[in-house]
Structure formats: structure tokens, C-alpha cells
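Both of the next two complexes hold chain A, though its partner changes from chain B to chain C.
And then the complex of A and B:
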């Protein structure tokens, strides 16, 4: 049977997210409880989480999470990491046996910082250097897959239901100011764990529910800019597009949303002159990154989160607020189960991003 | 005794019971096939002159006429076709180059569009109903800078070079005044304006009366530079440098003096009655760096207000050629495939030189992506676009838009008799004879063109909606939307698509 990446597998899904504007910590078990309510929206073939602010003791180091098929791929990757980074700490990611989580690969975690001389020789900034190294591992070292590589954040994912994945990774041992979660309903068996979500590059992580109809147009466009879509999943291509627009073109998140879920021309026509010019420019400048077809995504990044629907809102997505906390989920029940009394709950309109960031006084 | 080695290709059949001897056929036939025998009081037909343009059939009020293939057969020979023999007879008689017109009818070269199938959504994502939801076919073509820029207040600056705005991704191909009549130009211009798209002057200049359609006009600069002056360059929305065309790559053009009369002569700036010969190459472009200079000169001349298109024929090494053009400062590359039409071309060139648009387009799009410059330029594909599905397939292979020439002429009545080079077009399209050109009413012609493109656009919207795509830019280069049938692995690889069922 082909592994995901050799074939493209469409999926239905559930997503959920929590964000504390005041940086108050939320335990991993909370997000697990939220996503588990939407059990029926996944089929046991993929689940995962991304937590932000979970590694305060190593917050200035890149936290590299890697799946290995075998010892040999681990040794090769570690040699590569050794040549390019100062490894501050390495260990297996702690897990506990769960009867429904099977075929686990070797799962390792490294806290690293780029070797100063390699970094300066590369003429790249730290993020670009690290991103390129990680893409290189995934492209060239067989049996190794870096699935998380941001600072003070981490992705935990597996083939299984999300609640079992949380149990397997002992998610209750982590506290973060932001979490996203994903339960997957792929139409085929993915064959390995890499295809589970969230998908992440540096601190940018994406969970996504939908099947985008623009996939190959987007993939072929983003691959021009040094990315390599190995998994053939929507989430992967969306992550790379956002990374390109945000980190390389320096677009704001709102502008990114205006590109990937651009308003219809007929809507743009109705805007005032400045806004019309801005939106038209973004559409004309980045037509290859318009994403069509159903999607609801949660984009996590250091210090913030964005929720976005496709412009027709072909997938459900609910947002809610309680105090300084913001919640997002495919279904309202997934929010109510962890916070029954809400200050406000609403369904964001198609194509209109909801962007939340840390309060000024708690930003670092 | 005259010996005719070449039997007529067609036979005119007249149903004498239905025929009322109205003589409309005599009047309508511009090739002199029909005549009235005053003595016998009957109509005659000289089938040897018939080109099967179907004019008489279309206008016969009683349906008495039909044109059929002559059943006379040469002795069948698997090696030598009947057509091969006829061509040798013709050439041994005349000593000349065989001429024909319109696109190549060669059967042995596949029409890849017919071997490509489109996708549709089922279950995992929804199809979208174009009658209920917006379905965007608007496309902007032109070049793009590599990065955004911001002003001191952090607002994005509009650093985009000028773009062409098309309400639907279909333009009209270049066809020159001289090769076709002024009425056809009028019809194309009016239709382009109504449709929110563009028509293209071809290399014969722009008639005074049509300057008012400038916003929807692409003005062409070809190797003969006919009709090119600064007001002409500034009159259009874009300027196209024509290097070649699919029907005759590597070949120039020759418009006979017979057609260079009156306004054609004035518009082309060629003395009346004198042949207008377009050289095979531009004599100021012997290399890619020369092209860069011409692109720059045109931009200087037009104040950097117009996108510059470079049109080339699809030839073997089209991918590196396109890549070179993309780096020459051109904003748009127009690629014309093997089956592109023409008003006159040597048969051997038309049927043997160049490659089909589908493979040329696929390899150019892929190459520009590998060189990371695909987003910098736009691509127009042409040469064999028969219907809306071909448009959708071309876009999914990587085109920003397509242009149609033959299909547009067919909408105006052309029956592909491939006799444009005779200048006697009975439909009043490829002729300058006043008696014939007045047969085409520009307003009615424009209406038919508008209908055609509207119909195609609706069909494209249905196709897109079925795939769950509601904006044309999400279809561009979306090759997973395509599957091949009856193609070998190499063909699939070049087209960059998978086999049906994969």
C-alpha cells in the first residue's frame, strides 16, 4: 500500500483551538477534551495537537520533533543536525502505551540552535537557515520526518483518534497559552504518521478541515519558492503558502487571508477606493495562492492565532470568547464542553479572518 | 485534348426537382462554380472549381444543393495516398510551392485535448452551482514584480506593471487587415468591447475607424512593420511583437498586391498594388538580446503604460525560448501551436513544422516554474482551441488565457474551405473584394462572436463549478484536474498529467 505522499488523500476533519490573550496557561488535557467531543468527525486515522508556550525552559531554541522509521535514519539525521546545529538537549518524546495507537515510529525531540559559523556562512537569517535544514532532512534522509521545528512550541500527532493521541503523548504534562487540535477523517489509510495534522514549519502550524479544489495550482506555485510538498496534503500546502506570504513577502496575517481567501471581484467593487486598491493589488499580485473549495483553518504562530474559512464558508467554524480566552472549533459543542458560559459566540463569515494575539503587556 | 490528372475533390449535386433556377447559387459562388445556361435554361456546375465552402448550400432557398466528396478513387495504395499523388501532379505542373490556408488538417498528429479528461467533485468536497454562487472568470494578465513594497506608512504600494483585464480568459487571435476584411476587424473589435476582452490587429495596422476600440485592442508589430507608427502603438491596450505563428513557424508572410488596395494600402502604409512581404525574421532581432531591445524600445515609445506581448510559434525548444522571452522584459508570452490558422501558408511548413500547443504549453509552464519565473509573466495559448473544454484544459495545463482565431471566423460563417489565399472568400471574411466583404454585416458578426464567447464562458463556469473551483486562477496550472487516456508514458510526462484511473 502506498504511503501518504505517494498518493493524495482527501480528508474530512474536526478542528479546535484555544488562545489565552493574557498568556494564562491551559493544560493539554483541556484541548484534548474539546476535540474528543467531535469524535464522529474523525475516523481514527489521524489526530494531533500543537501547543504554544509549552517549552519555557528552552524558549530560545528550536524544538525539533522527528519521526524515524529506523535507527539508521535517526543516526543519519543526528549527524546532519550535529553538523548544522548546537544540540542543547535531546530525548525521546515521552509517550505511554495506548491500545489504539499502533505502529508508532521512533519519536525524538531536539532543542537546537544554529551553529554560529554555519549560520553566518549561509548568509541566511536564523529562521530561513533552520527551515531549509528541516526541508532538507525531509527531502533527502529516507525514513526521517521532521514534523515540528518552531521555538517554544511543539506538534504532537499520530494515526489514531485525537483523544488517544493526547493520551499517547501524555499531553496533560504540557501547559501552553495556545493550543490547536485536529481529528482526521481521511478517505484512505495514510500508511504512516507524517500525514496527520497539524502541519508545521518553524512556529507556524496549521490545522485544516476541508478539501481544497485549487490544490495542484497552489502546490505547483509554492514549489517555485523552495518548498517541497512531500505529503500532498492541503494542510502542507496551506502552511507553505502562509510561510511564504508571511515570512518571505512580509504580508500581515490579514493580508495573507485576503490572498488565500480573497473576496470576490464583485465584493471588492463595493469597497472604498483605498480598500479596493489594496484588495485588487493582492489578488493581482498573488493569483496562484488563491485557495478555492472548502476549508476552515486554524493557524497557530508564536504570540497569536488566526481562524479562517473559505470565502463561501463551505465548512463549519465557530468562534467564542470568555474573558481573555478565545475559542475556535468546527462545532459549538467542542467549545461548550470546556467553557459552558461564554461572553460571546459567533460564526465568522467566509473569507473573513479572526486574528487574535497576545496582550501587549505579556508579549515577549 | 486536355488531360486533367487531378480530378475534382468535390462534386456539386443539384436536385433538379427541387431547383427553381433562381440563380442565387450563381450569385453567391465566388469561385465561379455555378452558371446558368441561357440556351438550355438550366443551371450548370463546374465541380473542378468547387472548394466546398458551402455558401451555395447555405443560401439555396429550396435545399436543392449538396456538395459531396468525389467518389472517384485512385488505385488504393497503402504507401501512396491519393493526396500525395495529387500534390505531385500539381507541383510537376506548376513548379511551385503548395499553398493552403487555415490550420493543419493532418490526422496523424494527435489532438491532445481530446485525450485529456477533466475532473469533478464527488462527496469529499462540494461542486458549486454557478447559477447560485459567484463563479469568477475574470483574469488579469501581465508581469509581476518579485516582491511587494510598502510606503513609509506601511501601506502596500501598487508596484504592478500595467495588466490586461479580461472578463473571460478568451481573446481573439491576431488576424491582419488585408488577410481579412475590415468588416471582420469591426466585428472583432465590437465583440471584444462588449465581452470585456481583446482583439488583435495582426500585422496590417489599425484602420482609422477602429481607433475608438483601442481599449480593447492589441496592436501587433511584426517583421514587416506594416502600419506601425507611434500613434498606432499608443492606440492599443497592449503591443504584441510577433515572432512567429503556429501555421508557419520560421516563415514570413506575403500579402499579394491585389489585396493591397484602398484602405488596406493606406493602413499598411504600403503603396497600392505592391506586394507586402513580411520577412521571415525581424531583421533587428537575430538573437534574444535583440528582442530585449525591441521590447524596451516599445515600452519607451508607449511610456511604460502598455504590457508587451511576444508571440512565438510552438517549436521544439519552445521551453527555453519562452524562458528567454520571460527574461527579456516581455509581460506576456503568446504561444501558437501547430494547428493554428493562417490566411496563407506553404503546406509543407504548416503540416510538418512545430509542435501541438498542448505539449508546448505544458512544457513551457513547467520550465518557467522550474526557473521560478512562472509568476513573473503570463501565458496565452492558441492554435487548436475548438470549444470551452479545450479552454479549461489549456488553463489547467498552465495557460492564463487562450486566444481563438479559427473558432472566431467559424462563428462568422467560415466553413474551413482553406481557400483564404485565393482572396475569394465567399463568406466575405478573407477577401478585399467589395462585392464579397459586404456579405458580412459587422454588427451581426459581433453579435455572433459575443454569443459564442458567452456560451463558452458559461460552459467554463459549469466545468469549474463541477470541480468545486469558483475562480479561474485556481484552475490555472491545476494539473491534478486532468487525466489522460490513450497516451503513452512520455506524453503523460510531458503533459505533466496522470493516466485516467491513477
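And then the complex of A and C:
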């Protein structure tokens, strides 16, 4: 089967997200119901979910989700993991047969913690240590693909419609305080398991509707900082850019949004002096991370979620609130189906991020 | 009047229902994102509740569609004739390339409302938006009338960036005395007098206020500005020299 980058297929996508500010748990079946309303925005070539707060029993361990093409890639990866991490638990990720989910790879999950002496010898913090190890697996071990490696969160994705992917992964067996979902309609590529959304590095995950016209410029820039874009899918580069800006450059999420969806110079001109200086600084400091072309994205991370449109709002995005819950989706119907009565519903403006975080009392 | 709960129905089956009603009043309850409702139809009398999906009334060629709630994206794409009343807000790309008929939105419209709307002879499309409109309102407008009332807004501007960019015919009326941000030099903006208010926009605003039970006087109150292309500064050489 041809992989990403070898075939070009013309045309949408669907995204949906739920966030409980009070950390109240939402069952995985709820987000599956939401995304399934937008069935027609995808074409069965990719669906996926990211859940946060789903592994409370292992919340201090990195949850590594891996696709393997064969037993050999699994053995090699496990040897690598053994050398670098203390593996607390390992198992196949529970799935159930679904007639529309085909060609499944071997799907394994490991709860790990970096080996203390390796970590201290590396002079890295544990996030950077873990991220580098995961990038190394994806780069060097053929047939192995780590698609999720955060703490107390996990990505579940496959080739198929999102509702079938949810059924396949038995998503109703997970409860989380935040969920994102994606239904894929690949625009440039044939769609494979690794190319489904969400894309994640550590706890940061991205689901994306759109097509980045600045992909290659962004890729070249981010690869200078040790990342490796080996999925040839534009969303991957957004994940790494956000990881770089947020985790390594310590930018706030609003600043990250101002970099990747920077206002036009003509718009910056209209701002007051302080804002003009701030926005100009970010545009000049990180010009290679400006993302052009249409996009609406949901960014999940431990304790929060951000929704962002490109500055021209070339993809749809609706936000809504009900009590302490916040909803995002490509279409209003996908929110109404799980919460018919809303306190507030609105369409965020292009380039203006909506950022939600856990209430102070429930942060950990 | 026939009423059907369509929550779990597929769009094909909804279309069959509408065809079967053949112009008789039909209420479709609890719409849940089904697309293309009333698409290309000539003879419809629909009332919708819930949230109808994208491309509602696309290519509509006559009749009436009422929505008791919000509509999503691409409402009335290339609409040719008929009327649509949305008692809520509409998403992006409302009335894209609309050629005829009238659209009334009680609430807000998203980005790109009325892009490349056009008119011919006495076929003059009209969009009336009660709340605010997003950026690119009436971009490349080629004919027809867009009216934005900005009712019940607080600090937010009546429209966003790039209002009327590239328009070469038609008119955009805004109930405000403020110039839209960054209005193109290719466009003229003027305050309208009572005569123009009365003869041009009053009938549409009357229909709007009647349909949505808004106070007509409140809707007409205050200054209206109109944005029109500047005949002396046209777009003909915007992108390249034209010989």
C-alpha cells in the first residue's frame, strides 16, 4: 500500500472537543457520538481520539502507545524501551473486531518511567529525555511507530470512520476530563494508521482540519531543533512547532497562537503601541513558524485545551459552554447532539485562540 | 401542517419527504446536521427546528425556508430565488454567489457573508443580518444589497476586516456611523439620507422586524452608512495591467 507523500488525493475533516473545567469525567462514548454527527466531513481514511485524565492509576508514568508492523519491530522497540525506561506495565491495547477497521497493526501500550541513572546521565529533564527517546524509535526502528507518549493521556487512532475507530478501541471503557476527536478526509495522501489524527508528542496533541501551505518551510525550521517529520502529514509539524514554542521557548498559549496564526502586518498596525510591539516581536522572532493556509485546530494538553483558526478563518469552528463544560466542533450539530441546551454558543474569530484550563481547585 | 421528527433521518430521506410534501407546509423537527436541506428545490414551504447542516437551501429556486434556531455554514449557496428566514445565527459563507431571492438572519452571520453576490436587471438579491457580520462581508460583491443592523451588540464591531474588498457593484448598508476597519481605498463610504433610508432599505427592515418580532423603529434608528465601489478608482488593474 502506498504511504503518505506518494499519492495525492483531492479535498475536509471534522474536529470535536470536550473540556470539563471542573475535571468531571466524560465517557469516551460521548465524544464518539459528537464526531459521528459529522460523518460526511470524513471519508473513512482516518479517525482518532485523545483523552486526558484517562489513566489515573498510572498518572505519573508516561503512557506509550505504539503501532508495530511485525513482531521483530516490537522486539527491537521493547529492547530499546528496556534500556531507557522502567516499564511498570505493558499490554496490548484492548480492541474489538470491527468489520470496517482493517489491516490493524500490532497495537501495544507501555506505562514507563525513565531509568534514573540514564536520565541523570543525560542531563535532560524527563520530558525531553522521553521525547528524544520516542523520536529515536520512530526514526530508527523500522515498522515501529510511537503515536502517543504523554502522562495520564492517550491517543487512539486508526484508518476508518471515527465512530468505527471508537468501537474498535472500546472507547466507552475510558473516562476523561477532556477529549478531542478527528474524522479524516485526507487531502494529499492515502491515509494510514500513523497518519490519522491526533498527532501527539508528550501530553500535547493536535487535531486539525485544513491544509497547511507553509508545511515545508515549517518542517525545515522545526527540524533544526531536533524534531523529525517522518509522517509527511502537515498536522505533525503543528504538533512539533507547538511543543517547541510551548515547552522549549516557554511561550504562553496565546503567544503560540500569535506566532502560528500571526495577524497581518496591516492588522498589527491598527493595535495600540504595546500590543503592536508584542505582536511584531513574535512575528519577527519566529517567522518560520507562521502557518499559512486554512486550518482549525484543537490542541489538547494536560490541564487544558486550545482552539484556534487560521487568521482568515478558512475552516469552520464553533465553541460553546454549558456549566463548567466547554465544547468545540467543526459544526454546531456535533455539540447539540451531546448537549442540546447550551449556556452560550459562538464562532471564535480567525486567529483568536480560545484557551480553557482546569479550575484552580482541581489542578494537580 | 405536516410535522416530522428528522433527528435520526438521513439527508436523502429528508429530501424525499420534502419532495413528497410538494410545496405544502412541512415542519422538520430536531434537525441534526443533515446537509443540503431544500437544496435546488423550487417549491418548498419548510420550517426547521434543531440545527440543520451545511449547505441549507443551496441553489434554492423558490419557496420559503424558516429555521427556528441557528444554521451552519454555506447557507443559501448560489441561491436563485425564494426566501430564507433564520431565527438565530448563520455560519460562514452565507449566501455565497447568491443570484436572487432574500435572506433574513435574526442573529449574526459568520465570515464571508454575501461573497460575490450578483444581480441582473430586476433580479436583485438581498441579505439582511440583524446582528453582526464577520470579516470579508460582501467581498467581490457584484450586485444586490446587504444590510447589517448590528442589533444588541456591545463592544464588537458591526463587521470585521476586509469589508467589501474587491466589490465592483451592489451596496452594503451598515447601521453605524463608523467606517469599517481598513476599508479599501477602492470603495466609497457615505451616510445615507432619510430619503434613501425610506425608499431603499425600509421595506427590507420592515420585513425583518415583522418576521423576528423586533421593534421596527429600533431597527431603523440611528445612522446608516453605505459602502459602494468608487467608479473613479475601479478594480480593473488590481492584479495586473489590463490592455
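Simple rule for what comes next: the second predicted complex is superposed on the first by the 351 of 364 C-alpha atoms of A that agree within 3 Å, B and C clash if a C-alpha of one lies under 4 Å from a C-alpha of the other, contacts with A are read in each partner's own complex, and residues count from 1 in each chain.
Heads up, the rule we're going with is that a residue touches a chain if its C-beta (ideal position, glycine included) is under 8 Å from a C-beta of that chain, and two chains touch if they have at least 3 such contacts.
The structure presented is a predicted model; accordingly, all values stated were derived computationally and were not measured.
Asks: So, A:90: does it touch chain B (first), chain C (second), both, or neither?
Replies: Neither partner.
Asks: After superposition on the shared chain, which partner residues are touched by A:265: those of chain B (first), chain C (second), both, or neither?
Replies: First partner only.
Asks: Would you check which partner chain A:220 touches, where first means chain B only, second means chain C only, and both and neither mean what they say?
Replies: The answer is first: A:220 touches chain B but not chain C.
Asks: After the superposition on A, what does A:281 contact: first (chain B), second (chain C), both or neither?
Replies: A:281 sits against chain B, while chain C stays out of touch.
Asks: Looking at A:249 after the superposition, I want to know if it touches chain B, chain C, both of them or none. Which is it: first, second, both, neither?
Replies: First partner only, chain B.
Asks: Between chain B (first) and chain C (second), which, if any, makes contact with A:293: first, second, both or neither?
Replies: It touches chain B, and chain C stays clear.
Asks: Report for A:312: first if it touches chain B alone, second if chain C alone, otherwise both or neither.
Replies: A:312 contacts both chain B and chain C.
Asks: Please work out whether A:347 is in contact with chain B alone, chain C alone, both, or neither, and reply first, second, both or neither.
Replies: A:347: touches chain C, not chain B.
Asks: So which one touches more of the residues on chain A, chain B or chain C?
Replies: Between chain B and chain C, the winner on chain A residue contacts is B.
Asks: Please work out whether A:40 is in contact with chain B alone, chain C alone, both, or neither, and reply first, second, both or neither.
Replies: After superposition on chain A, A:40 lies in contact with chain C alone.
Asks: Do chain B and chain C land on any of the same chain A residues, and which?
Replies: 266, 312
Asks: Taking the touch rule as given, give the residues of chain A at its contact with chain C in the complex, in rising order.
Replies: Spelled out, the residues of chain A in touch with chain C are 37-38, 40, 266-267, 270, 312-313, 316, 318, 331-334, 336-337, 345, 347, 349-350.
Asks: Quick check on the complex: what are the chain A residues that touch chain B?
Replies: Against chain B, the touching part of chain A is residues 8, 10-12, 187, 210-218, 220-221, 223-225, 249-251, 255, 262, 264-266, 277-278, 281-285, 287-288, 290-294, 311-312, 314.
Asks: Along chain B, where are the residues that touch chain A in the complex?
Replies: So the residues of chain B touching chain A come out as 121, 124-126, 128, 133-134, 136, 138-140, 144-145, 147-148, 155-156, 158, 160, 163, 369, 372, 374-375, 467-471, 473-481.
Asks: In the complex, go through chain C and note every residue touching chain A.
Replies: 31-33, 35, 50-51, 53-54, 70, 72-73, 89, 91-92, 108, 110-111, 134-136, 160-161, 181-182
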